[in-house]
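Sharing a structure, written as structure tokens. Questions coming.
A, B, C, D, E and F label the chains in the order they appear, each numbered from 1.
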Amino acid sequence: MKKVVTFGEIMMRLSTPNHARFQQSTSFDINFGGGEANVSSSLAIMGIPASHVTRFPDNDLGTAAINTYRKYGLSMQDVVRGGERLGIYYVEQGAAMRPSKVIYDRANSSFASLKPSEFNWEQIFEDAQWFHFTGITPAISASAAQACLEAAQTASRLGLKVSADVGYRSNLWKWGKKPSEIMPELIENCDMIICSKGDAEDMFGIVPNDEKRSFKSVCQQLTDCFPKLKKVLSTKRGQISASHNTLVGKCWNGFEMLETKQINIPDIVDRIGGGDAFMAGFIYGEIIYQNTQKAIEFGVAASALKHTIEGDFNLSSVKEIEVVMNGDVSGKLRR
Amino acid sequence: MKKVVTFGEIMMRLSTPNHARFQQSTSFDINFGGGEANVSSSLAIMGIPASHVTRFPDNDLGTAAINTYRKYGLSMQDVVRGGERLGIYYVEQGAAMRPSKVIYDRANSSFASLKPSEFNWEQIFEDAQWFHFTGITPAISASAAQACLEAAQTASRLGLKVSADVGYRSNLWKWGKKPSEIMPELIENCDMIICSKGDAEDMFGIVPNDEKRSFKSVCQQLTDCFPKLKKVLSTKRGQISASHNTLVGKCWNGFEMLETKQINIPDIVDRIGGGDAFMAGFIYGEIIYQNTQKAIEFGVAASALKHTIEGDFNLSSVKEIEVVMNGDVSGKLRR
Amino acid sequence: MKKVVTFGEIMMRLSTPNHARFQQSTSFDINFGGGEANVSSSLAIMGIPASHVTRFPDNDLGTAAINTYRKYGLSMQDVVRGGERLGIYYVEQGAAMRPSKVIYDRANSSFASLKPSEFNWEQIFEDAQWFHFTGITPAISASAAQACLEAAQTASRLGLKVSADVGYRSNLWKWGKKPSEIMPELIENCDMIICSKGDAEDMFGIVPNDEKRSFKSVCQQLTDCFPKLKKVLSTKRGQISASHNTLVGKCWNGFEMLETKQINIPDIVDRIGGGDAFMAGFIYGEIIYQNTQKAIEFGVAASALKHTIEGDFNLSSVKEIEVVMNGDVSGKLRR
Amino acid sequence: MKKVVTFGEIMMRLSTPNHARFQQSTSFDINFGGGEANVSSSLAIMGIPASHVTRFPDNDLGTAAINTYRKYGLSMQDVVRGGERLGIYYVEQGAAMRPSKVIYDRANSSFASLKPSEFNWEQIFEDAQWFHFTGITPAISASAAQACLEAAQTASRLGLKVSADVGYRSNLWKWGKKPSEIMPELIENCDMIICSKGDAEDMFGIVPNDEKRSFKSVCQQLTDCFPKLKKVLSTKRGQISASHNTLVGKCWNGFEMLETKQINIPDIVDRIGGGDAFMAGFIYGEIIYQNTQKAIEFGVAASALKHTIEGDFNLSSVKEIEVVMNGDVSGKLRR
Amino acid sequence: MKKVVTFGEIMMRLSTPNHARFQQSTSFDINFGGGEANVSSSLAIMGIPASHVTRFPDNDLGTAAINTYRKYGLSMQDVVRGGERLGIYYVEQGAAMRPSKVIYDRANSSFASLKPSEFNWEQIFEDAQWFHFTGITPAISASAAQACLEAAQTASRLGLKVSADVGYRSNLWKWGKKPSEIMPELIENCDMIICSKGDAEDMFGIVPNDEKRSFKSVCQQLTDCFPKLKKVLSTKRGQISASHNTLVGKCWNGFEMLETKQINIPDIVDRIGGGDAFMAGFIYGEIIYQNTQKAIEFGVAASALKHTIEGDFNLSSVKEIEVVMNGDVSGKLRR
Amino acid sequence: MKKVVTFGEIMMRLSTPNHARFQQSTSFDINFGGGEANVSSSLAIMGIPASHVTRFPDNDLGTAAINTYRKYGLSMQDVVRGGERLGIYYVEQGAAMRPSKVIYDRANSSFASLKPSEFNWEQIFEDAQWFHFTGITPAISASAAQACLEAAQTASRLGLKVSADVGYRSNLWKWGKKPSEIMPELIENCDMIICSKGDAEDMFGIVPNDEKRSFKSVCQQLTDCFPKLKKVLSTKRGQISASHNTLVGKCWNGFEMLETKQINIPDIVDRIGGGDAFMAGFIYGEIIYQNTQKAIEFGVAASALKHTIEGDFNLSSVKEIEVVMNGDVSGKLRR
């Protein structure tokens, strides 16, 4: 099978154990994560060949990051080494009505200071079928945006499927351009995107133009705007507490709004990466099932299971996800 | 008070901490457990004299197993040392819709290679009032089945109460005989058993023969089939998620189907051993209360409390169980 | 801003990690707590200048206690060193229907053996606006009761607001006097108290004298009885399980019974100190909002958040509490 | 084989992990220890039947203490329950030139408040061959001294060997009598004691009366003074650092001063209980080898191994100790 | 660069943390190790392409083992899945005069039950320059011995360098043949071996035939006996204590006995795998330096560093090893 | 007593537990440290009033840093909040011949981006007797160098003693100036400095000008060069291994070279901050003993004890240091 390639920053995630607050914790648990690598590593764990492209400092922390992903079978062979530092994000795990808190410390990272010329996209995409990126990458620095554009264009030209998670992060985009100056040219290369109503407005200035102010109306405008774009995905998260969410997945396929049943997610272990697990599940479904309704159902089941697992990416097998997709959420002991 | 004796394999249980998946855990928590010793150790903690009979390798792991039970007051004086290894079972604790996973590594254990002649049952049952075994023991090896039969027959002959948990384990019974060739002769010695509808079919070929395909019909056939058998127990577990179950206890006493109220078990800490805690509670109730309805109610309360405790057996006192049995599930702080 | 002063015993709290039972734990987590210091430390964390007065042994454990509170900005400058030992309380964290258990080992502590002359209250109250104590302090020893009375009288005379949590602890009061011989003289100095129906009877012999046997009737008698007393607070805790409570706050302001909405507290991390967090929140509200309804609402929100935090006192900022007070209990991730 | 009986206080030991200072530790490791139980539990682990007599509070901590010793095969059947609290001692593990620190919090313990009538010594000594106590017991309280005297006299009368570790603890003996008023009557019952030069002076007013001010001279006076006394033991500890000691064992047998070679003890894991391990080893040697020279050599080897083991008592088998006694201190890996 | 291939069993290693004894530990740290994979993983970490061939059960433990090695860059692409269980070895870390203890539980492992036909050696050795195995592999089972022979013969035929660690393990070789019936045919394919005097006698019946009973004499006989064999390696370990060793490396190159200086290894963190780290270092030196004296010096430096690292294999870079090889053992802080 | 003020960056230190390598660690222990705050916090712990001046980001990590120092009694009242991030340094603890490794990630910290105008030195130095800084501060950024100069000049003008640790860090000084352009003007304000031979050359271009190339010659040139400078300190560290060092302290007082005995530091727990502990000890000695020989002896003893304590600063009391200063390095257990 041909591989899936992702491109984006990976940060070291330092999280307080046992719901401790930053003020009281005496240690951090170490994980690594990034919106794009979360997708490709989840795919690798499901058995889909996958490779992640990024840039790490040439020190032991960069090596530790590489090793973490190699462990789970994700190819790191096209990772570039250089720059000053590994970006960090700190996580304080919440509980009940106390939200989890994230402190980013990612400025001036090795990824932010990448040079587009360090990546030979034609070579990277040899033997690949799919390229996925997110709206975080162009938000990091001018050079990251440029490299991302070259990647998307090359992938599209070489006939790969191209997908993107168009997530607007208000605390990024500090390098001089607005999302609306950058994102449209990127999205022109995409076959499918995740994009919420809010993202559509922030990124493309698209607002619903029907009476119900519906998401469908946004999707229609998006597919009108970007002729290559065939599917627009979205998830609806019900936020009962930091320990209890619900999730519904949606996909506008150009004709109708497909939708999953709502899944109940109580007793959350780690909510971070839930959206990326959905995306990974969706890509798996598109490649293997070749059925979009099944793909979003698999995506939602994958996302639900991710919430029961510590760390940014989804250590669930296809078999485990299919049990949940098929409606068995009983968690019955397997002997 | 005369003692309760149990016979069966004890394994080392290695479980991942904090709901970690096998793939990500860097350590295992050590516990010990076995369906029969879980019953006798729970009884010892409730103050009922109890002794467990098994076979351990003559190494530090066997000694560690003995010490664990001695700690809680269970007599290990009749344990035989010999054979090659201590059986292991690995546990990955699930959460929400992710089930706990168990990997067994128990083949060729010291228990499986026991010789029936190593156990002097007449001597072991001196000063005993009750013998309990499970359907796991005869499933392990021919010699284990033989020793179990000798134990049950001796106990019956000496006038002890004999009980069994007739649980069918499809991943055992590999030594050449089917359960239906072995179990009937064993159950002939029993005064009471735990036996689900499914077990009755797998073990004895008994299926409900009334219109409602009722459990009562199964119980009647069982007591008809085994004249010594007076009570048939069962539990009904509602499986809402890996972290949330419900439980009802039942007992056919030859005349009517006694039943407890359903108990709600949210926020599960460790579900393993829940059935054995019910059995221990039931034996306690039979001995102390001499009232079968109260015995199943105490059993269900004991089982519920077990779910809040890490490890295979029930570290709850009679007083604590009685609070729950009497309907106080508020968990109100005791100062 | 002028400071809030509290007076009372601080104990070392030794709690079993991960819901372990006392029988199985191999380590204790160390925290410190006391009903009065829990209030002042929570206030210090909210940015209100606060000082706690107590007595510690002159050893490393006493110093560790001081350091713990200094860390969070509570002044310990008026702490007296002397006496034999630091009181201890052991905590076994419960779950679901299993209650948390507390074992006190506080007799003969440095606090119990204090001499009233060791505290110069006039000097301690310099630059103070509020004095808070609890019914635990006079219950510990004759000298503690005497020092508490001197403190309350001095505070009242100097024009500080005086508040008390009138909690009756049946396992204290062993030094020769009954609460009813001691408490009235103390409460005469108070502007506001927390007092449940049961406390009112135990401490002051006051029972409801209306048909509905209402709390309001108790409050009216209390304010009649103690002319300086203007507000009587109470919380109503719904005890669904050790892991799930609800809370309502009430305040009789002399005219009407103010009441908060009920807040739902699932997935409890640590229930201890919940009442003190309410008191701290209420004092904050009285000082900053100068609005009693808002003060009890802030108190209830503060208390709810405390339940999600390990340890006796509330590591929550004003901003975090206000989010909950304003009805957002979604625990939505803050990036 | 007949059993060895010991009598004395057991405390909960709370120690900081990983050499942490009291000021910085956030948890305590839990162990239990006492100078007498350290001896009997070490003997039980070596396969000598042994029983310890003490008094514990009737709470979960007392039960946890009992369970700890039962685990290792020490009989706790004659333990009395009652009194207020379990004594505690806190340990901060040192390193290099930083000494370990101990904070005692044992006043008013269940043991200190025992009543001599609670112990039926004739019954306790049934089937016993040896009674061992230490100078700590009579130092705790008048009633403990009285019970200890009754025990020693009964043991002597019944023909048991009686031994004592005459260690003077300057921070005890607060109950009104001096050691010299109490100890002689106790030692009159002893066949052998451990007693340093300093102890002899503090306890019995005996100072060397030869020119060299030799320990031999002290021993001779002791055996003159106490006609029943046949052997006087002592250890000489070389204190290179908190992590590195040396040890020599000595025994005056009435005729000559037996002495072991010096053993080197580098890389100390836990020094506490080293003397008790020597005593246990010596008793083992006297009972099994019936050779005093071999007994002190076994004692020194046992003590050395204790220093490599966390906790108060010696988790070493006879076989392991004999390897060291026979001169192999290479620590060569056993596959 | 062409790769190095190793073949042999990998076991899960479960070790007690912090020098705890088996009797007292409540958890095991998880590592993986095997005499051959320890060599190839160390080489991969040094940047030499390497692949390990083995057989794992098709469960999560087998996958966890694969992931561990993938993490460090060792190719696991030729691993076969099948069989019943993952072999285990338990480690109790010693200290000072207390030896570390190992309990093996490896019988009936997936590796032991391999079928030689499962390995296509011609394909496995594509693009390889070196094959390394140990005397443990043929000791495990008849089929393992057969597969090892096929591998060695194929490697030799294809012109790879072949090396072996001829270590005799008395607790293996239970499948029916003696080492002397199996090993000679294997060693005929080797270019270099590690072989102690004792191994030479146990495996080949070769004893020194000169007056000094020298190792040199053994080496000469070995190279006479096996014409392809050019180098015989050995290490001499000084065993001062479990925490302090010394090491010397030797190599008979057919002409002279090369020897390193003795290196001092105090403050040992983990001694296991020290010999394999030497072998890996030697292979590195042969490939990169092409100088046998330098190769054994690099090997000894690598081995010394391994002793400071937890786990079976050597997480040291070439640069770090060269510092030690060049005589700097000061451990000076690198800022 | 008047206070000691220090000025400089504080970083979060993230270190691997139990000597783990960066590649294998799954958690970091959290400490905080900085060459200047290490001095003032050690002084605060010794009972000398002390205050540290720095700049932290206005997030929970900055607050956690403040709280850590407040805990130990260091005043943080003059800390400025602002800027982007808290600098980090990662520590991998070495052992034996494996050095500890440090990875700095301190660029663009809140401290580096400080504005000199944020610090009102006249007000900060109210009630102060001593100002201490290091050569790290001017190496960080132009504005840090400028603020440091203003601080030193103000302190000198106000009559405070001024001291500096002139340590050259080759990985800093990236902001455009060389040390020799900045340091002389700073040192003109100093009464005493720590300065090695190497520092003197790097910072001031001063090399020994006598035959023996002695340190004394360097000192004489320094005091000639800087008229206010009266004392030049230095330590000589013997680097036996990462776990074993030796230390000698020296001080040129303008007349003679004072020197301490060499202290042996085996079994090192944490070597970082050893130099700062010496400086703190020296300042203590100057203030309290007013005797320079005693001050360096106290400094060396303090430094030795620091090596036994985890973390950057010295949690030792004056009493503990004096025991070591007086020659008792036996680490004898204190009961």
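Annotations for the structure displayed:
Everything below uses one rule, namely that contacts are C-beta pairs under 8 Å (C-beta built on N, C-alpha and C of every residue); 3 or more make two chains touch, one makes a residue touch a chain.
These figures come from a predicted structure and were not determined experimentally.
Note on connectivity: the fewest steps through touching chains from subunit C to subunit E is 2. Contact with subunit C and subunit F alike is made by A, D.
Greatest Cα centroid separation from subunit E: this falls to C.
Between subunit D and subunit F, two chains of identical sequence, the interface residue sets overlap only in part, with shared numbers making up under half of the total.
Measuring from the averaged C-alpha position of subunit A to that of subunit D gives a distance of 63 Å. Chain centres here are Cα averages; for subunit A and subunit F they lie 45 Å apart. Listed for subunit A are residues 18, 21, 23, 26, 67, 72, 101, 267, each touching two or more other chains. If you sketch which chains touch which, the pattern fits none of the simple shapes: not an open path, not a single ring, not a star, and not all-to-all. Pairwise chain contacts in this structure: A-B, A-C, A-E, A-F, B-C, B-D, B-E, C-D, C-F, D-E, D-F, E-F.
Across the interface of their complex, subunit A is touched by residues 18, 72, 263, 265-269, 304-305, 307-311, 315-316, 320, 324, 328-335 of subunit C. If you check the complex, the residues on subunit B that touch subunit A are 18-21, 23-24, 94-102, 104, 169, 171, 239-244, 267, 271-272.
By the touch rule above, subunit F contacts subunit A in their complex via residues 14, 17, 21-23, 25-30, 59-61, 63-64, 67, 84-86, 88, 90, 92, 101, 103, 105, 107-108.
Those residues of subunit B that touch subunit D in the shared complex are 67-68, 70-73.
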